[in-house]
Structure formats: C-alpha cells, structure tokens
Amino acid sequence: MKRSAEKGIEFGLAFSGLITILTTIGIIWVLISESWGFFREVPLSDFLFDTEWTPLFSQKHYGILPLLSGTFLTTIIAIITAVPIGIIIAVYLSEYAHKRFRRNVKPLLEILAAVPTVVYGFFALTVVTPFLQTFVPGLGSFNALSAGLVMGIMIIPVISSLSEDALYAVPKSLREASYGMGATKFQTSFKVVVPAASSGILVSIILGVARAIGETMVVAIAAGQQPTLTLDPRQAVETITAYIVQVSLGDVQHGSMEYKTIFAAGITLFIFTFLLNNISFWIKKKYQEKYE
Amino acid sequence: MPAIEPELQALKDNVLDMLALVRNQMIKCKEAIHKNDVSLAEEVIREEKNVNTQEIAIDRDCENILALYTPVATDLRLVLATLKMTNDLERIGDCAKSIAKFLEEDMKGLPKHWLKDFALEDMLETLVSMLKDMGEALRKEDTKMALKTAKRDEQLNDYNRKAYKTTAELIKQHPDSSKTLLTLFSLTRDLERAGDLTKNIAEELVFHIEARVVKHKKSK
Amino acid sequence: MSNVKRNRNIDTAFKYVGIFFTLFGIAVLFVFIINILIDGLTRINWEFLTNLPSRRASKAGILTAWTGTAWILALTALIAIPIGVAAGIYLQEYGRKNRIARIIELNIANLAGVPSIIYGLLGLEIFVRLMNLGGSLLAGALTLSLLILPVIIVATREALKAVPNSLREASYGMGATKWQTVWHQVLPAASGGILTGIILALSRAVGETAPLIVIGALAYVPFVADSPLDEFTVLPIQIFNWVSRPQEEFLVNGAAAIIILLLITFVMNGIAVYLRNKWQKKISW
Amino acid sequence: GQKGEQESTSGNEAKLTGEIKIDGSSTVYPITEAVAEEFRTDQPDVKVTVGVSGTGGGFKKFGRGETDINDASRPIKEQEAAACKENNINYVELKVAYDGLVVVVNKENTWVDHFTVEELKKIWEPGAQEKITTWNQIRPNWPKEKFNLYGPGVASGTYDYFTEAVVGKSGSSRGDYTASEDDNVLVQGTSGDKNGLAFFGLAYYEENKDKLKLVGIDNGKGVVMPSVETVKNGTYSPLSRPVFIYVTDVAAKRPEVSSFVNFYLSNAPTLVPDVGYIPLNDDEYAAETAKFTSFGKPQ
Amino acid sequence: MKPIEAKNVNVYYGDNHVLKDVDITIKENSVTAFIGPSGCGKSTFLRTLNRMNDYIDGFRKKGKVYIDGKEIYEKKVRVEELRRKVGMVFQKPNPFPKSIFENVAYGLKIHGIDNKYEINEAVEKSLKQAALWSEVKDKLDKPALSLSGGQQQRLCIARTLAVKPSIILMDEPASALDPISTAKIEELITELKEKYTIVIVTHNMQQASRISDRTAFFYLGELVEYGKTSEMFTNPKEKQTENYITGRFG
Amino acid sequence: MKPIEAKNVNVYYGDNHVLKDVDITIKENSVTAFIGPSGCGKSTFLRTLNRMNDYIDGFRKKGKVYIDGKEIYEKKVRVEELRRKVGMVFQKPNPFPKSIFENVAYGLKIHGIDNKYEINEAVEKSLKQAALWSEVKDKLDKPALSLSGGQQQRLCIARTLAVKPSIILMDEPASALDPISTAKIEELITELKEKYTIVIVTHNMQQASRISDRTAFFYLGELVEYGKTSEMFTNPKEKQTENYITGRFG
Amino acid sequence: MPAIEPELQALKDNVLDMLALVRNQMIKCKEAIHKNDVSLAEEVIREEKNVNTQEIAIDRDCENILALYTPVATDLRLVLATLKMTNDLERIGDCAKSIAKFLEEDMKGLPKHWLKDFALEDMLETLVSMLKDMGEALRKEDTKMALKTAKRDEQLNDYNRKAYKTTAELIKQHPDSSKTLLTLFSLTRDLERAGDLTKNIAEELVFHIEARVVKHKKSK
C-alpha cells in the first residue's frame, strides 16, 4: 500500500523527466521532417562548403558558412566583451566590495539580463553604432561589432552573476590560507579563488555563449540581415537565429523550399549547441575528476 | 556532573572501608589481649585475606579509572594518593596479622605481665584511635586534622624505644623464652611502623588536597 | 621591499578597475531605463492600461496585452512548475547515475541552448496543429512551458544538490520513505533555490515574442480572455508591433509598454532576489 | 472550428455575435486593425481578432481553414492556392488599398535627384553583386564613392514586390545589401549613412520626411515623385502595389463576416489614409464590394 | 536477548572489500563502542545495521544481520520499519531546517500519527529524555538551527527517541562538538543505555573508554577484538589493539 | 627574546566584547596551547596575532600586540609582511585546489620569488620539514586534494613553512583528523618547535597536555590562567581552570 | 613514535638508576663492614637524601605522564608499576640507612665476630646480588628472571630466622650490650624485609608485562 504509492510517485516523477526527452524528440522530429526535403534537394556538400547563402533570391545558394560566420563573429565579440568585464565585476563584488554593496548591486546587474532584447537591439542601432562610427573607420550602420558589443553587455550579468555565485561558494578557508601566507587580495583572488571557482566560471561563460548564440532580436536589428562570409566586425552579417526569425516571421510560402531552409539552419544551430554543450560537459567532468 | 565523579566517590568509599577493616583488625587484636581471647586473634588471621582482596580491588579500580577516565589535577592526585594509601593500609593489615599470629601461638603460655611490659595493648589503643581519626580526616578531606593525628605516631615511637629495655631485661630473666620475647620486640617495632604508615596516609591526603608533597620533608 | 609595494599597487589598481566596470554595468542599465522612461513615461496612465488596441496611438491601450501576459504567466507557471520540479526531483533524487540519467542531463543542457523560435515551430506543430488547440492561451503556455522547462529543471537540481545529504540521511534514519524524505525535508529546504529558478524562468517567458508569434498569438485582440482556450496577445507582441510602425506616437506607446514589461520583470526579479536572500540567510548548514 | 452563431438571420440592424479570425500580412495589419476597431462600435459583440503571421504564414492557416480572413500584401501563390483547394476552401480576393514603395537616400546626398527604373535595376539586379558598388558606376558624374544598400528582408512581401517590379523577377536581386524586417530600422540605417540608399513603404517615409531625401522614379514617362495622388492615379509606377484581404466561402456565409467585409470596403476610403496607406478609387471599392456580394451568393 | 547479531558479514563497495567476516553479538541495554583507524569500516558496519547503506551505489553484502532475531536483509522486511526500530544519530548535528517542535514531531507524522495531543506528549517526553526540555520548552517553535551545536545534537537524539526505537546507532555523535557539549552528550548516552541498546562509532578513544561497556576494535575491515571496555583499555588481548589504543601505529 | 607580547588586548565584534584585557608573553621556540570552552575567544586572539581579523566586519581592537618587539597594528606595518612572518594553519586542511608542488610554491611566488631552482629547493625543504616529502616526492604534480586529510594538513604546514615564518599559529589543526593523522601532526609540532614559536588552539585537552610547553586557559574572553602545561594539568592555580580540565563545568 | 615513548623510556631509566643507587648503598654498607670503614657508612647516610629525591622525582614524573599523556594498557601498567617500585626501593634505601646508622654509631666498639654471627655481610651480599639481577630483569623486562631472583629472598628469611637464636644467646652472654644486639636483630629483620620488597619489584614487573597480579597470591 505504502509501497505502491511510492512506486506510483516515482513513476510520475520519471514521466516528468521523460517530457524533456519527448521535447527533444519533438524538436528533432520537427527539424528533421522539415529539413528532410531540403537535404533531398541540396547536396550536403553544397550546404557545408558553398560560401553563399541566398535561398530567397532567384539565384539560390545554400551554403551555411556565411550564417555560421555571422553567428561566430557576433558571439566572439560578445564573449570578448563580456568575459573579462563579467569576471572583473564578479571578482570585485565577491572579493572586494562590501557585503551591502554586493547585495544591492548584484540584482541590479541581473536586471540587465531581463531587459527585453528588442530594447538592446535599438540601443545598439541608435546609440552604440553612431558612437562607434565616430572612431571606427568604415563602420556600416549595420555591423557585427555593435551587435556583438551590445550582446556582450547583455550577457555580462549572466557571467558576472553566475561567476560571482561560484566565487562566493569558494570556501572562506582557502582565502584565509592565502591571506595567512601574506598574499594581497588581488593575488588571493586571481591565484586561488578564481582557479578554485573555474568550473563554475566556465559554466557561466558557456551559458553566456549559449545565450549569445541563441540571441535573436539584437542581431536581427543591429547586425543587418546580410549573410556575408566575413570575419570583419565592421561588416553587416546575419546569424542563424536572425535568419530563422527573418523567414519565419516573413512572407514566405510555407512548405516551399525557402521555408525549409529555416529548418536546415535550425538543425545546424541545434548541432552546434549540442556540440558546445558536450564540450562543456566534458570539461566539467574533467575538472571534477581532478579536484573533487 | 562528569562521568568520573561517581567512580571517584566509590574509590573514596572503598578506601574508607579498607581503613575501617584494618582498624577493626587492630581492635580485635586489642580485644584479644584484653579478653585473653585467642578466637579473636584467629578471626583476624582469617580476615587478613579480605584486606588483601580489598587492596587488589582498589588498585584495579584505580587502574581502570586511569585507563578509562583520564583524570587530571585533583582527580589524578586522588587516584595516586589512593594507590599509596591502600599500600600503606595493607601493610598495617600485615602488622595486625603478625600480632594476631603471635597471640594465637604464644598468648596462652605467656606470663600476663609481659604483654603489659611491652605495652602492646596501649600501642594498639593508640593506633586504633589514630586510625579512627585518620578515617575521619579522610572523609572530611581535612588535612590539618590528618597531620595532627599523624603526629601521634611519636607516642608509638616512644613505646617502641622503651621496648628495647624491656626486651633486654626480660631476656636476661627468662633466657628460655628469648624467642618469644624477641617476637614481642618485633611486634612493637611493627606497631611503630604502622604508626609511620598511618602518618604516610596523612601525607597522601595532603598531596591529594593541596598538591604538596610532605613526604621525606621532615627527614631531610 | 619593492615587491610588497608593487603587489599592493596592483591590488589598489584592481579595486578601481572593479568599481569602474561594476558602475559601468549599472550605468548602462540606467541609460536604458532613463531612455525608456523619457520616451514612454508620459504615455503611461490609467487609460493606457485599460484601453483596447487602436489605430490611434493616443487611444491605444494594452489591456488585452497585459491581461494576456498575466494569463500566459499563470498558465505557464501551472504547467511548467510541477513538471519541471518533478523532473528535477527525479533526476537528482531518484535517477541512478547511469547512462540514461546522463543522457537526460545532457539533453536538458541542450534544450536550454535551443533558440526560442524553434520552440515556436515545435509548439505550432504539436499544440496548435496536432492537439488542435489553435492559437490559444493554452497552446502558448504549453509552448513557453517547454521553453522554460530546462531552466526550471536545472535550477531545481542545483537547489536540491545544495541540500546536504545529512538531511536525507536523518530522514531515512527515522524510517521515512524516499518520497516522504523528499516531500517533507528536501523540497522545503531547497524551496528558496527552486523558487528563484522558477521566477527567473518565468520572467524569461514573459519577455518571449518570437515563439508566440509563430504559434499564432494575435496582435489585435479587442477582448480580455476568459478561458485558456481563448485567443490572446501579450505585451512583447504588442511592443514588437508598435515599434515597427512608422508613426512616432506608436514608438512612444512601445516605450510605455516596455516600461510596463520591465516593471513586471523587475517585480519578479525582486521577488527572486528576496527569496534568495532569505534562503541564504536561513539555511546555513 | 468556427463558433459563429446566427441568432438572427436577417436585417442589418440586428445585433450580431460570433468571432472573426483574421491573420496574415503585417503590412495590411494596420488597415484591418483600424477597420476592426471601428467595426466594434457597430457590432460590439462580434469578436474580431487580427494576427500578424505574415502573408505566407497567414495563407498557411487560411489554407487549412483555421482563419476566416487573410491579410495579404501580395496575391496568393500557386502552392498556397493548391493547398486551399485540397482542403476544399474557396476564397475571394479583395483589393483593399495601395502601398507605395519609396526609394530614399541620405539627406546629405546632394547628387541623386532621381533614378530611372533601368538604373534601379542596374543597382539591384543579381549580377550587380560586388560589381556595381560605387555611385559613378550608375551615372558617371556621381561621386566615386561606395554606396550602401538597405532594404526589407528577403522574406518580406515588400521585397518580393520590389524585385519583381524593378528586376523583373520576384526574389531576384543582389545579396549584398543590408536587410531588416523592421522598416524603422531601415530608416535609421539610411539616415545615418551618407552613402545610404534604401527602399521601403511610403508610410515610413511620410513619418520620417525630415530625416530622408526622397528620390523620384523615371519610368520612361518622366520623373514621378511618390505621393498619395501619384500612387492612387497609377502614375507612380511600377513601385506601388495593391494589398488584399482573402475571405473563405464558409466564412462569407456567416452574417458577422459578411457584415465585417462590407464594413471594411465601405469604410476603407477613410480608414486607409488614416493609417498611412493609399485607398483605391471609389469605383474600385464598388467593384470589390460587388465581387464580394456575388461571391457570397450561393452558386 | 540479543538485539543485534551479525554473522559473517562481508561488505563490498564495488570491488572494494570493506568489511571482512565480521561476527559480533551486541548486548541489550549497553553501550558498545566501535573504534579503529579511519577507513577501517566502522561507519560502514554501523550503517549496515539499519540498512542505511542501501542507497549507496555499488553496495553489496554477504552474511546475515539479525535484529531481535530477525534477518533484516530479507526481502519482506520493510526497511522503514527497521529504521524506526534502529534509530540513527550522525556525526554532524543535522536538524531539519524547521522548528524544534517540527523536528521531533517529524518521525511521528511520518509514521502516521496525527493525533495532536499524542504528538505533543511524545515531543515533550522525547525532549525530556534527551535532557533538552528545560532549555527549549519556551521556544519550541523557534528554528532548530538557532540552537547551539550541542543542543542541536541533543535535538537529533530527541528526534530519534520520539519514534521509540529500541536500538540507537551513533556515528561519531560528538566529534563536531566542543568538550562541554561533548560531556553533555556522553552523559546523555550513559543515561539512555538503561532503556536502549546503543552502538557508537568514535574516533576518540577516551570517549570510548569513558562511556562504553564493550568496545569493538576494527582494523582494515576486520573485527580484531571485541570485549569489555575496561579490559580493552587496561589489558587488550591483541597486539594490534594495544598498539592502536596506546598510539603506536603504522 | 619575546616573539609575542600582548598588552591589555581587548577585542570587540560590533558590540560584542570578545576579549578582555588579555596580557600574555609567549616564549620563543616553544609550543603554547590555548584552551577554553567554545566561544571564549581563543580563535579570535590567535587571529589577532597576525591580523587575520582585519577583514571581519565590526572588528575593533584596543591594547597592543608586539611581535618581535614591534607593534603590529601600527599604520606603517605591512600586513602581508607580518603574515609572512606569522604563518597560520587552520582547523580544516585547506590546500589550494592545485598540485602539491604549486601549493608549497604558492607563497614563494606570491612574494616575488621566481627563480625555478630556488623554488624547487624550498619546496623540497619545506616538505621534508613537514615530514611529508617521502610520501609525496613521486607525485608532486598530483592534485593536493587527492591526499588524505592528515597529509593535506601536513601539506598546509609545509606551505606555511615555505615562506620562512618565525611564528606559526594553528587553530585546531588536528580536530578534523583521525587519531593516527593527529599523532603525526602532534609529532611534527613537537619537532618544529625547535625552530619555530608555535601557538596552537585546541579543544582537545589531552592534545594540549601532550604537546604544549605552556598552556593558556581562556574563559569568557579573559585569560584566566597561563603557565607551564605540566603544572596546569596536575595542579592548576585557578579553580575555573581545574573545573574545566577535569570536566566539571557549568 | 608516540610522544609518550621517550617519557616512558626515561621513566624506566630513572627506576633503574634508583635501583642502582639503592644497590650501591647496600654495597657500601657491605664494604663498610668488610673493610671496617665507618666513612663508607657515613657516605650512605649522606646519600640517603638522593634516594628520597629520586623517589619524589619519579613519582612526579609518573604523575605528569598520567596527567599529560593519558597512558593506557601496558603504558599505564608501566607507570603504576613504577609508582610501586619506587616506593619499594625507597624502603630498601631506608634499610640501608638503618644499617649505615648502626655501623656509624656502633661498629667501632663492636666485637668483630658479632657481625659475622648475625651474618650481616652475607645478607647484604645476597641482597646486593638480588638487586643486581632484578635490575637486569627490569632492563630486559624478563619476568621469569625476576621471579627466579625473587625466590632468593628465602635465603634472607633463613638468615633472619637464625638471628633469633643468635640474639638470644648473645644477650645472655653480653647483657650490657643488649640494646646493640637488639638493634642488630632489627637490622636482620629489615634486611629480610628488603628481600620481600625486592620480591615485590618482581611482582610489579610481572604486572607491567603480563598484566597479572601475583601479589598476595602466595599468601592466600
């Protein structure tokens, strides 16, 4: 009686866990069933190695590389912006700042992550780009740089907040050990606390990267929607997500080849995030083995 | 209340019991002389075992307390003092046995006044009262009283000193009984020594209570 | 010794760098907020909150939008919280450390990285079409639930992980069953962390636009929904719609709506922060 | 499922109830929204909802019978029509307004006064990609500076129409231009870029006149500046296009829907300009009304 | 009566053979101490006695464990019932983050007792038994975590007593406490043994010597010596035991 | 020489008066033990000696502390230098999550020593001093956390020795260890006192008695008694001390 | 190596030293008789202080070890045995002092053969050799050897028994020297008792090594 209730509960819980699997299956199913048609018409080699992505133009090219490079470029810029600043803020808040300052500032910063991304998009377009144009030659109205930077600002709180959590969780005893040997705060922070929290910091960075990769509105608004295969941050680029929104919100005939491209792009993105997650998983595991 | 407390209390009680036992032996010896009753002496001999058993039991208790409760400071001194006291008491018990043995073997054939001459009864009387007071002092943990009681061993020393003369004279008078007389002489020495041992007990008490070693102080 | 002096200088320098960047972050936030406030604050009044959408910017209100958002929020919470928490519990407390558990774990990490628009496509196929819910609140809430499920599951697991094992052992040691232990001890002890995660996840759901447009959330809804099967619009869609209009006044409306949306997010984050602080204070093992 | 109830089957004055589901083009949305809003004062119990899935997204739902009316910024396509047929959905196409496309340059651009259609084609055709990049390639006396192109996203109806009108084939253009689904973004882009050149909906120009320089089009009959008049009377061609609503036959039979559509067509002359679009001529509206009336009749 | 009897118990964690042929009979109403160097299997054996090892991955057991004469690893045994009968107190005080009252009442509620009066009675009684009542009676609704470490540990004991166990297992119950709290716990244990059978793991040999009646010395998973505590600490039979208790080791 | 001299030290945490008029002179090359009930201020006083309390909110101090004759709370004192001279070992072994080598080399690097040869030398020497060299010499690049608790604590001592302190403060350095590891640490302390002045806080009175030359008994923030350990444990002068060490308290 | 180890070693060494000291006293007494050298006896009296000091020092060490190192099992028994041994040794030392005192006061005027008659030198010889062997046994912790050595106290008992006769006869012959003779008689008793005490040391060793209490076994 008691036992069967236990079993029932366990089953219910397991079923809830299963829903996530079903979701993934659903996603994969939707992605594959729609992109099936796409890959029947477009050879995989074209998809992977063609350097142009123009499925909506009359001269159609289906090379995913420009979208990948756009995604890559904006993400890298965002990460380069957010990681150092995020970590500096995290270290400052966790190691230097007064408790009260930390308590008040941290949620404030977290709000940055909660601002609707549309707002960031316009911020990039109307504030950051004109500002950058004053000293970056050849910077277009739409460019990867500005979008990347703003995306970086947007994910600063993701990194700083989660990193700060990780830093804060480092036992006080480690800090005391370092101070006890005559280390300064700076030395203690960067030689002991940060390395000790590195797995947590890494996770925060990966979450930041995931957010940057998956981010849509900022890039759709500020980076332009021009799939160019370039690594020049001054150029307008298009990311995979921007492309997906562009098409799925646009006036494309459903079921057409053009429509199917968004699933091909989507599955690429999915594989991409999948790889990223696996790498982070692997890193985390390696770390755990080493230090726990 | 720490767990050691009841153990220490039991230890103290046992020492007092042992002291009472030994004192009882002495009283019986005294009575035996007084009443000329050999059976009392026999009793003392029979009971000597008990004293030994008691000593071994208390020593064992001390060992257990030391092994199990790690006493320090005053607690530790109590245990150490107890160890020494039982040793002393056992030797006093031996003395009672020697007297009893002598009484058992020789009292019947003995000229009455010899015992008087050696003041055996008086010595026993003194010792018994010393032991009584010492027991009191132990119970009250009263070092002053203990030391005062210990002083009375002088009386026993005096008796013993006198015994030399008595022995020499009596041997001259009764050369055939010289062995008996020498034994009597030995007994006075034993009783004198029992007084010393009683004094030792007082010293142990001082050590326990005041952490002062008074032993050998005088002798230096 | 110059070495000590140098180290001290570095230390001081870093302190100022830290302050600078922290304040920079806050400054950006204020720039946003002030910007938006300047644009939209004048537009906010009672009518704005209670009017239906209109072609005239000055008459247009967000009644249906914010009620839609409230509906979506409630329904999403209703769906996602039990499932997410249950799945989190299963994985953390029940799941053995085997391959399947690892796959589920990895799977959840992957789901967290899937762009929201793809969830929209999924919702369209599954809920709108397959389950024939149409572009209803329920379909939207289900879609958003799937979207935030990974976040809730991860937050739940982290919170459960933080509950010391000694608490579980204490409960088992008294003869409690696994579920009793989870229900009476582990969950309450982890509730702060779980709630924080839930609220952060919901505040993400509040801001989502794209997937709801894909499943067919509407732009013009002149009535407040009274059942989960009604059609709906939400604030982000209203904002998106307004800011893409040519007329300046609609942009102002958009800014005003953004203020409302931010307000909702702030309140939710505030609750999360409050819960987190309370939780951190209370539980000090 | 349609929930339309018919409490009274006759009489215009009757209070109607029921629900009308509209989805589709975001371009047409402001017009439909305005109509729906006004219709509410007439028939407050009819629930009219309007979505913005885009013309294509809208047709997909329309073809499945999920919506009653579809807003469209272009005529239905073959595949979409086939889907309707497959699901036994008959529909009528009603023209409701014109949308003009404008070509603009930056305010500081002193050299461009007008473009011929040929010139536009030269700029935008696919072959121009990476070849035609400076102003002087268009007209030699223009400066030898790189121009930057802005335009609506390739998935939009506006883009389709522009390419069809200028290049000759829908979806056929160079790829190296900056696109955004949001026309306000294009306004922003062009107004901040001295060498910017963009095209987008007339309404957006109207709202941002002070930031941009409008460029006239010479389609062989002289330079025509886009305006309500020139669009309405057809002289501003080829860059003006009609926008439509599509109504299914099932829905058209429901009194609230037919009442709504009629209301739409009869109020369009006032409401269309109100939201920044160009109305048809009265005759044209009459024709559309007639088309709808005849469609509603049982065949 | 033999409340606990282990026969030939072998325990493995995966490939790690942690307990080897442990044979022991534990007396009723007595305190039995398990001592031995770290990792020798004391905790493992203790946890084997109420099946707290069940949840550990890779745990395997051979041999038999009888509690009150019944084999506890048999299929039909309800592990919850077993644990109710064989209570457990842990190294670090681990009160539930609830009120003092709730902590003690938890076990009762879990076992289906919901009569308020009955619960109140039982809570008071357990707290009294654990010598905590006088200290907490005015603040039963205060959070248990607001108590000092020593009080927390006594609360944990009270909590265990509330479900009326007959055996109490304690895994280093005082090792996280200061000497004064430790003394209180030791005193409590000595009092409790009148009604309960107590098994305690301790690293502190002085503690084992002070409070236990019998001591079991484990080494490398084997039960090297088991006997009266007083004998063990004055005259152990095995050289290994002697070396361990006198600090000569390794 | 008087390596440590405290004069009239009073410490407050906010309004909490934690140390009251503590006056003590600690001898060179000796082991001094601080004992006393929990919360009496032992740790606080210990940490006052190398200013580890500086970072604690609300910490205030009156009175003077001299190390090697210099007041350490003076403005011009460089706290990093002070802490280098007055090393500290903590209750729970807290090696950095780095390799064994890195742990010991850390202090040297921090103080600007980057000559590889010099560092290698110093690491080896410190590990030898800490009686750990033979156990770890073949795995210097293994993570420190892979060591056992006792080894970790010796590593922490080695790490402290590496920066050549003259005084070592230890706050319950063996309380988290099993008896065998504890014995090793105690032995090490006894060896180290030949070269270092060692102050150790301990809850374990047997430990204090075993290893220290002098003992200071704190109670409620006051230094009640300070003297030779052997005297303290056989014949303490103060009744409070006697009560504490014999377990009669409160 | 635990910290207690060197302490225990020192304790053992000190006991052996004390034993050597006491034995030396006895040797000096013997030499004094043999060489008729009063100065040696005086030395013994002077040195008696050292024995007492040694006893107090060792007792204090034991107390410290008990208080500071909490010995258990064999370590504890060693300390306890040591406590008793020093007590025994001190008493043996007392005996040496008594002999020395007698020699100092009375040797000069003494007829040579009296000492022979009481076999004082032989008794001392026996005791010294017993102490030597006992020292060896302690060092080697050899209980068998210790018990064997202890058996030799029978020899001393025999001498003592003979002393009764000798005393009685000599007092008859020299009634004036009766006090001296009685003192000589006492000394033989003391030496006999020193033999008993030596035996006790053996018993303590057995207790330390084998945890067996052999004391009082025989007497029961």
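Per-chain residue numbering starts at 1, and chain names A, B, C, D, E, F and G are given in the order in which the chains are listed.
As a working rule, a residue touches a chain if its C-beta (ideal position, glycine included) is under 8 Å from a C-beta of that chain, and two chains touch if they have at least 3 such contacts.
These figures come from a predicted structure and were not determined experimentally.
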| item | value |
| --- | --- |
| Chain hops separating subunit G from subunit D, counting only touching neighbours | 3 |
| Common touching chains of subunit C and subunit B | E, F |
| Chain pair whose interface holds the most contacting C-beta pairs | A-C |
| Separation of mean Cα positions, subunit G and subunit F [Å, integer] | 49 |
| Distance from subunit F to subunit B - Cα centre to Cα centre, in angstrom | 53 |
| Rounded Å distance, subunit A centre to subunit B centre (Cα mean) | 94 |
| Subunit G: positions in contact with at least two other chains | 1-2, 4, 63, 67, 70-73, 76-77 |
| Touching two or more other chains - residues of subunit E | 80, 183, 205-206, 209, 233-234, 247 |
| Subunit A, residues touching no fewer than two other chains | 2, 184, 187, 245, 248-249 |
| Contact set on subunit G toward subunit E in their complex | 1-2, 4-5, 70-77, 211 |
| Complex contact set, residues of subunit E against subunit G | 205-206, 209, 233-236, 242, 245-248 |
| Of all residues in subunit B, those that touch subunit E in their complex | 1-4, 63-64, 67-70 |
| Parts of subunit B lying in touch with subunit G, wherever the complex brings them together | 49, 52, 55-56, 59-60, 62-63, 66-67, 70-73, 76-77, 80, 83-84, 87, 164-165, 167-168, 171-172, 175, 178-179, 182-183, 185-186, 189, 213, 215-216, 219-220 |
| Subunit D contact footprint on subunit A (complex, rising order) | 52, 54, 56-59, 125-126, 129-130, 133, 140-142, 220-221, 224-228, 236, 238, 245-256, 258-259 |
